[in-house]
Every structure is written in structure tokens, then in C-alpha cells.
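Letters A, B and C mark the chains in the order given here, with residues in each chain numbered from 1 onward.
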Amino acid sequence: MKKISVDHLARVEGSGGISATIDGKVVTDVKFSIYEGPRLVERLTVGKTPEEVVNIVPRICAICTISHKYAALRAMENALSIKVSTKVSLLRDLMHLGEMIESHSLHIYYLTLPDYVGFPSAIAMASKFELEVKVALEMKEFGNHIMKTASGRYIHGENPVIGGFGKFPTREELIWIRSRAIQFMPFILKTVSLFCELDYPDCPEEDTVYACCHPDQNKYGLVGDEIMLSTGEIINKDDYKSLTNEFVVSHSYAKHSRYREKPYSVGALARVNNLGEKLKGQAGKMYKKYFNPRWRRNPLFNNAAQALEILYAFERIPKSVDKMLRLSSSPIAEYTKKEGKGTGIVEAPRGLLIHSYEISDGLVSYTDLITPTAQNAEDIERYCYIAAQKLLEAGDEDKIKDRMDLVVRAYDPCISCSAHMAEVKKAPAEDWKAKLAAIKEKAPPMFVGVGNRNRSDDGAGVELALELKKLGVCDVYLESELEKHRILWEYKDLRPLILFDAVDFKEAPGKVTLLPLNYVIDKTRLSHKILPFISMQMRYKHLKNAYMLGIQPESIEEGTKISRPVRQAILKVLKEIKN
Amino acid sequence: MEKKIKDKLKIGIYELTGCAGDALLILDCEKELVDIFKAADIQSFLMAKSDNIDGELDVAFVEGSVSTEREKKELLDIRKRAKTVVAIGICACFGGIQAAFLDKKDWEKNFKKVYGDNKMTHTKPLQSKPIDAYIKVDYYLPGCPIDKEQFLSTFNRILRGNPPELYRFPVCVECKWNENDCLLNKDILCLGPVTRAGCGSICINHNLPCVGCWGPVENANLTSEFQLLREKGFDSDFIKKKMANFSGTGIADFLGELKGEKR
Amino acid sequence: MRIIKLKKDNLSPFLEIISVEADLWAPVQKGDKHVFKVVDDFSKVELNTTRTILPPRKIFLPPTFSMFNISEKGYKEDLSHIKKRILFGIHPCDIHGLLILDNLFKQAYLDPYYLEARKNTLILGLSCWPDEYCFAKSTNTHIIEEGFDLFFTDLKDFFLVWIGSSQGDDLIRLKPELFDENLTDKDIQTYINWHTERDKAYKWSINFTVLPDLIELKYMDPLWEKLGNSCLACGSCTNVCPTCNCYNIMDKQFLGGKDGKMIRHWDACTLEEYSEVAGGENFRKKRSDRLKLWYTHKLQAYISKYGKPSCVGCGRCIATCPVDINVRTVGKALLGEEEDAFWVRLNMEVTK
């Protein structure tokens, strides 16, 4: 057994790692780990005034600081029934576009491009791509400049406040931003072509669900009061929990999310996939030129989507500024309400960001913050698993590490989104025995024997189950009994479920492998009746707690004879379970 | 003239728990970034490069608070390897916003509220603390985030073997330099007098009071500020909370004394 | 000294003409206070102001500026921030403040930055009307007889303009038709009446002559500890004082072979770092000791050398200090008079 791990993910904002455990020819474990400590932001905001909370929460993440500020303001203003003037909304949008430009250009040029052109850093890359690095820097600096002008500082500016702004930028400052944005256009168009034409590997490619804010007025946009999914569903912001269903996972203090028992993705790619048709101007043209169905299945295209969004931002800035120049500055809106509940959603550069608060007696009494990276964590692990397993099968084991790195980085994870994050220890390298012991330690597992007894070794799973039953072990079922025991799929307590089956891992006959069940489904290795049960009826949280104990068959010819190595394997497993 | 790599100081930039804003700000030194990489041998800077080495260092810049057992280990290792350690940002200097639960029991209670009884299988989380709770720190560069100018000048001075030269006075000094009208005199709760300068009094320049995000200034007269705000009609608990929001462990003694007095 | 007359309406055209070749600094509104700023829109110039937030010394020695450019070849004085300037709207007390700074910066070591800026700036004074904080009459700085190129006394319908220097006269000659050489008896009577009324308008006064002795006599008085208990050590009293002049210097070095700079910034003896020396020893670690230094300098030491206090009665410390430590409350306390001040109340609270 060996483990490939990218221990310190470099060139992401924050510190984290990803690891894949490989057992022979099978990837048995993929974990996306965050080394950030717990910050308890959701707790330390309780008991504070809405204004203080708006000061504190952007500190969750420096690179999404504006988005956090914006989401918090929207949530607080919803809770306190505050309406802001059009000029305030426009300036907020402008600072948000600034962050989008800053974050996306940092990400695609500094953090991602070195991977595709073979350099360890943008600085090193500058020897060959001097112009790109230089102009990208200027572009990023321009994004920073907008953020500074609107919010007061590069990072954690306090100028945006509940009800408006402490101070509006001057006419001259706005006009400068407008003309600078126009100057950049030729380079931006080149940027889009560069990143849309990069040769993105076709592994991993697999469907997922995309979620983003549903902007008002049926336009492309970065804020809204509803969440839209690639499935066509629309969710009101106040019902965000029906999307996110956050839960604690034992291997990470970053809570994970999933929608309808499935992982989903958020970010630039989600926005372009869901809303790309609505892009206008040059961005619309570029979308039509480059968009293809692979974008819907391959997370690496997030970099292309980010480039497209930079163009969108640059086209929007002059329009926003023009509108702002026609409006006079408004004072900070006052409010008297002391109670309320409110949710605010915005698109952070790396995806849907949700802030939800309850205020009672003028103080925040409940805080819920759902960051994009928390939502993406499940899909990051899933896509890394798919990539790792595929590469392993293709004999490209040496590529796994870099590919996983590429996938994680494509998601642009903002690892400091540590509203709930804590250190995560990588799964120690263990064989199936240790793993089985660990599962048993959590709770007594239930077992299901799967297979066809008339196809020699394929009957190993059923054989094993029958032997266990003979030994008087509780909660052992056969595949054929599943209909009868529907309880299996409706169990409320999270007891682990272990399936026994003969699985062809192309290993030596009799080799036992224990791995998460969803890995086996993803590979469609299961051809038995149980498959529809698992994919249709099993809840995701149960699936995440279900395992496959696979035994490599020697033969699955017709007949009832079980081969020697498989027989020995069955005995070994029996012994371990009994212990 | 560009120095040969062996003559350059070996520098590491590290991030513990925090918002990564200080490391990001270093990346935000767009124009100077190439010069930084030319002038020093940047051995480790996770946000900027992937060929990082954990070797002997002349200077380590450390951002973030220590919030897990793993970070504690990493920090002790950095201290062993580095001749000089510079704490950057208020999380490294004072613990930051996450050091708000000063009382261990209080922290444990709140930790439970977020994570429930889930058994965490890996390293132990720790109550967030500034890095000097575990190691000797040579210099402190406060800020939330640090200021670009201040970082560059510190970086430069350290490269030349000089100690940093920082503003050690409160925000009020810069605020007056910017010719702002004092907000305290308008009965607005402003933490300028007890907060370390360096930000350029940015909030007051925007007609907004100082929230204290650079952490406490050395020997701040917290008692006078506290009583002044009380006299202006602010509630004691509210003032305490406000003072504690960004100061981490920096004013723990003062808050402890107040608790004892039960005003 | 020649005195002429200027109609109110002619002021803007005059300012416009004289500012063609120099930056015109004048008081403009900032929030509900005033500040000196370079103006191009003359309608923004405020005539009825009291004190600006910062004194006009900021125009001569900005809060921070570069003194030297440093390169491998050595260092070069940087006077690039100094331009031709006209300062309009400066009140008598603030002109006195500049005269005090002149004394200090022309002592043993000439300060080239201050003197160069002084040389390049014309002073166009303007009369003022006291508010509740002003006490310039106590320091005898409410009128001015020197230190200006022109001085405008605002008599409602017109200005009387004192021509204080040949450079001032040159300004008048740019457009003499704006002015009226002939003063009537009525004009003179208007001025006399204004003068008398203004003298009466000072709402409070303090006897400065006894203060130097009192500072000596009460050097060990518990008063200083009381002040120290409340002082926020924010440096604001120093920053707003027209006669404070201490500064600190900092090296700024840059990467990439760029020239370094030596930055000079305002310092304040009320700040802790001020009395710290190499090795970390601090002679005035206590706030009370630092305040004592400030007041001794203003009210005793300067008087023994120059025969007048280093205080011009502008009232900025009174308007600025959030905890009411200012020349009025400290002066009155030295005189044994009871003042209502935050620092008094805080000490009562502490000893309670």
C-alpha cells in the first residue's frame, strides 16, 4: 500500500493538502485536507452588534474579503429591512467586480498558468512569459485599485457599512477607473483566448450539479436573491439549507455540503455553465466561440470560465461607472429595527457564498456562514478520486500527484475559508484489516453479501455472508433479501454498511480490498442487482458510510466451485470480523 | 548588482490559521514582488510557489495564530530553523479575531457548538494563540492586514541587517496628520487612542471610527479610554466587546481586571 | 505701514490673480471644521473661520516628507516638496506661531526645509473673531504687527489691508485698481469699533505671568499623576499645536537598486517612544512625566529664554484633547482653580 500525497498544496490561498491512498491497483481513499485551525467565527460573532459582525466576518478570508463583506451587508440589511440607494448598490457591485478581477487574474496567471507551461511559480515563469506576467500583474493591481477606491483598503477595507458607505469615491477617481478598464480590453481578449485554448486534460470528466446565484433581471450577474441549479431548479435564498445541508466529516473540520445526496460544484464554471447564455458583448461572443459540452463535466475548465468572467467584469465597469456618475451620493441609511432574520448570498470569486444571521435585541444571536470551498470539498475529493483511479488504470501512476494538484487548484480553493475549519490528519496508510477494525470501532457494521453463486468465485460475497450467519453474527443480509429488509436503506443511525463481493481489481486472486462504496459505484464495477438500490435509494450520508470489501476472484466461470485463494481470503475475513 | 544566490538571505513566509491576508498582501506588492524574489532567496512561500524547501533560514515571516497541535509543531520547527522570526499581522502578534474566547472553558464550549461531539481523528485543535505563546519572536509587524509600505521597509531593513522601524504610537497620530476631526469629541466610539498606527487612519479618513483592527498599541491607556466611553453613555459590556474584537490576547490583562471589579 | 482698502467683492478676483504663479493655500470646510488646503475654486475659501484642525506649520513642514534621497553615491537633500506658495487666511495667533518656529529653526542649527519653505511662502493674514476656546488675548497674540506680507481685517463690507512687506506690495501692484488708497474717517471709526468689540469678545483669560513659577513650585504636585492617569498618549495636543516642532526620522530603503529616502515625520514628546534611547532605556516612561515635559516647555522653559510663552492662545488643544488635558485646564489647575474636565472626573472615579 502506498500513498500519494500533495502534502502542502502550493499556490493556493491558504494551506491544505490532498492525499490519495493506493492499494495495489485501486485507489482506496482520497482526502482533501485543510490544515487551518478552528476559528469559530460563527460563535464569536454571537452577542455582537450587526456593525461589529460586518467588521469581523471579512477576516475569514483575505482574498474573498469583499464578497464576505457584501454577503454580510446583504444579510444584515435583509434582517433589518434596510433599503440602500442605487448608487450604493452600484458602488458595491464595482468593488465586487474589482475583487473578481483581482482574484481571477491572480489565480489564472499566478497560480494556474505555471502548471500548464511547466514552471514552479509565476516569478520563474516571467523568464519566458514576461509580457503576460507583467500585464497580468497590472490587471491584478487594477482590481486591487478598484477595491481600495471603493472599500478603503486593498484587503479588509471598512468603507462599506450597513446602509451605505462612509465615503464615496470622487468623480475623478471613478473616471480614472472607467478609462483604465477600457485601456485593458485588448489584453483581456487575449487572456480569454489563452485560457480557453489551453489543453485541459480530459481526466477527470464526469457530470455534476452546478449551483450559483440567480441574478435579477435575467442577466449574467454576481448577486441575487435566489440560487439556481444546473438541474433547472430555483431555491429561494432563505431556503439555502435545502441546497447546502452542511455536515461535519470526521476527516476534516471543514464542513462539507451536498445537494439531494449528491456533491455539487460552485464557482466561475458553475456561473458560466448556468448563465453563460446570458453573457452579452465581447464576453457573449467569446462564450459562443469557446463553450463546449466538456465545460459541464470537467472542473479544469474553471480557469477558462474565470478568464471569461474577467472579460465580463471589464465590460461592466464602464457601464457601472457611467450610471454612478449620474447619481448623487446618499447618506448612510439609518434603521431602528432590533430584531430580524436575514440571509445574503453573493458570488465570491470561487463560488456561492451564503451569510445568514438572526438578530435579537440589537445583537446577533445566530450566524451561519457557508463558504464556496466548503461546498466544493466533496466534489474536489470526487474528481480527484476519478482522476487518480483513471490514471492508475492507465498505468500513469506518476501523473496522479500533479493531476490532483491541478484539479484542486482549478477549484481555486480558498482554504482560509475557515469558518468551520480545523486541522485534518491524513488517513494513515492501513491495510484492509486496520480499516475494518476502524469501521468496527465506530459502530457495529451491517453486512450484505453480494454475488452470483453459480459463477464460481463471484459467489464469494454470498458465501462469506452465509458463513457469518452460521457464526451467529447479527445484521448479516444477502443481496436477495434486500427488498425484504428495506430498513437497511432507511436506517437513521449512521451504522456502517459493508458489502462483500468479488471485485475484479486486476489483482492477484484472493487479494482483499476495503474501500468506500461510492468509489466502486463511480467505476460501475457493480453489476449486480444491488446497484439500483445503491444509486437510487441510498442516502448520500449513508453511502459515505458504506464500504465495499472486495475479493479478487480467480475465475467467474459458470460453476459453484470457489477457488483456493478466494476460499482462503474468505477465511481470513471471517477471522477478522469475529475478532 | 544582483547578488549571488549563496550571498542572499534565506527567507521563509509561513501561514498558520488566519485569513492569509498578510501573505496575500505580500503578493499584492505587484511591482516590488520581482525585486523581493531577486533580493532574497525565498525558500518557502506556499501561496506564491511550489518548489518550497524546509531548510535553515535567516528570516521567517509567520502569519496567523497557532490553532492546532500541528501548527504548534510547525512553528517550533520554524523557530529552530530560523535565525530571526517576524510575526506578521494581528493573528500572529495577538491571536487575532479567533483568539476572542480567552477563557479555556468558554472556548471549549463554543468549539463544541460548531463541531458537536464528532470525534476528530487527527491532530488536536488548540485555543487560538499568538505565536509568542510558544516561541520567542524577534519582531512584530502588526496589521489586519499588514501595510504594504511597512512590510517593504521592514523587509528591506532586515535584508540589510537592521531592525524594523515601525510606528509605535496610536492611530490618533496618523489621524491628526491626515487632519481628521476627532470622532471621540463627537461622542462616537473610536478606538484610535488604544490602537496601533500604521494603517494611515484609513477608517477615520472615510468618516468611520477606528475598530481597532491593528491590535493594541504598547501601553495603551485602556482605563482612560474605557471610562471616557462610559461617560459618553456607552454600555460597559459593549465597550469591552468592542475593545476585544481584534485585540486577541493583547488586552487580556485589562479585561481580566475589569471582570474582577464587576462595574 | 501702508493701509489700504479692498471691497469684499474684489477679494476673489485678487486671489485669482495672485495665485497664477503660486499655490494658494486657504481655509476650506472639512466636515464641520476647517483645514488649510490648496484651492482653485475661490468660492470655497472660508472667511469666517476659527482655528483650522492643524496649524499652518503643516504647510512648511508637512507631517511626513522626504529629507534625503540616498543612493550608493551618497545622499542628496530633497527639497522637491517645496513650491512657491501663498498662504491666505492665517490668523494673528498662527502668525505668532510661525514667528516662534522661526526662533527655533534659526537657532544654532538652521533647518533648511523649514527656512526654504518659509522663504517661498507669502503670508496673507486675516483677522478673526474669538470663540469660546480662544485665549489669544491672554498670550498677547490676538494682534499682529509683523510676520506678514499682507494682513486683511474683515470689517463686514470691506477689508482694511496692511501692507507688511515689499513682496506684499508687489501683489497689490498686480492689480492696484482693485484697491482703494483713500480711507475715510468713517472707515477708521469702523475699525476702532471693531477692535473694541473684538477685545470684549474673548470669553476667558488666564494669567500667564505666574505660570512659570507655579510650574517650578508644583513640579512634584500630584496633579501630574492625575493628568497622567487620563492622558491617552495620543499625541493630538502636540500635532495640533502651532508651536510644537519635534520630529523623528526614519530610513526608507527600497529594493531593485532604487534610491532610499530619509523620512522626517512629526513627533510628540507625549508619545512613549519619544524619550526612548538606544538600548531601550526610556527617560519618561510615565505619561505624567511626558505631560510635565510638554507643559514645562510651553509655559516655563520657553518663557525663560524668549520672555513669552510658547503658546499662542489658539485653543486647538482645548478643542482637540478628548480627555480635556489642555492649557486651560492645566493652567487653571496650576493656579488652584477648579475646572470641569474629564481628567478631574476620572481621578474622582479612580479614588472613589
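Simple rule for what comes next: contacts are C-beta pairs under 8 Å (C-beta built on N, C-alpha and C of every residue); 3 or more make two chains touch, one makes a residue touch a chain.
Remember, it's a predicted structure, so these values are computed and weren't measured experimentally.
Averaging Cα coordinates per chain and for the whole protein, the chain whose average falls nearest the overall one is B. The highest number of C-beta contact pairs joins the chains A-B. Comparing the CA-atom centres of all chains against that of subunit C, the greatest distance is found for A. Averaged C-alpha coordinates give centres for subunit A and subunit B that are 29 Å from one another. Centroids built from CA atoms put subunit C at 60 Å from subunit A. Averaged Cα coordinates give subunit B a centre that lies 36 Å from the centre of subunit C. Subunit C has no residue in contact with two or more other chains.
Residue positions of subunit B with contacts to 2 or more other chains are 34, 207. For subunit A, residues touching at least two other chains: there are none.
Within the complex formed with subunit C, the residues of subunit B that make contact are 32, 34-36, 38-39, 152-153, 155-157, 159-160, 162, 165, 168-170, 172-173, 176-177, 179-182, 184-185, 192-194, 207, 218-221, 223-225, 227-228, 231. For subunit A in complex with subunit B, the touching residues are 8-15, 35-44, 47-49, 52, 55-56, 59-63, 65, 106, 110, 114, 120-124, 126, 137-138, 140-141, 144, 152-159, 161, 165-167, 248, 250-251, 253, 415-416, 418, 420, 422-426. By the touch criterion stated above, subunit B contacts subunit A in their complex at residues 15-25, 27-28, 30-31, 33-34, 37, 46-52, 65-71, 96-98, 100-101, 107, 110-111, 113-116, 118-123, 125-126, 128, 144-145, 148, 199, 202-203, 205-208, 211, 213, 238, 241-242, 245. Residues of subunit C that touch subunit B in their complex: 30-33, 35, 53-54, 58, 63-64, 229-236, 239-240, 250-256, 265-266, 268, 271-273, 287, 319-320, 322-323, 342, 345-346, 349-350.
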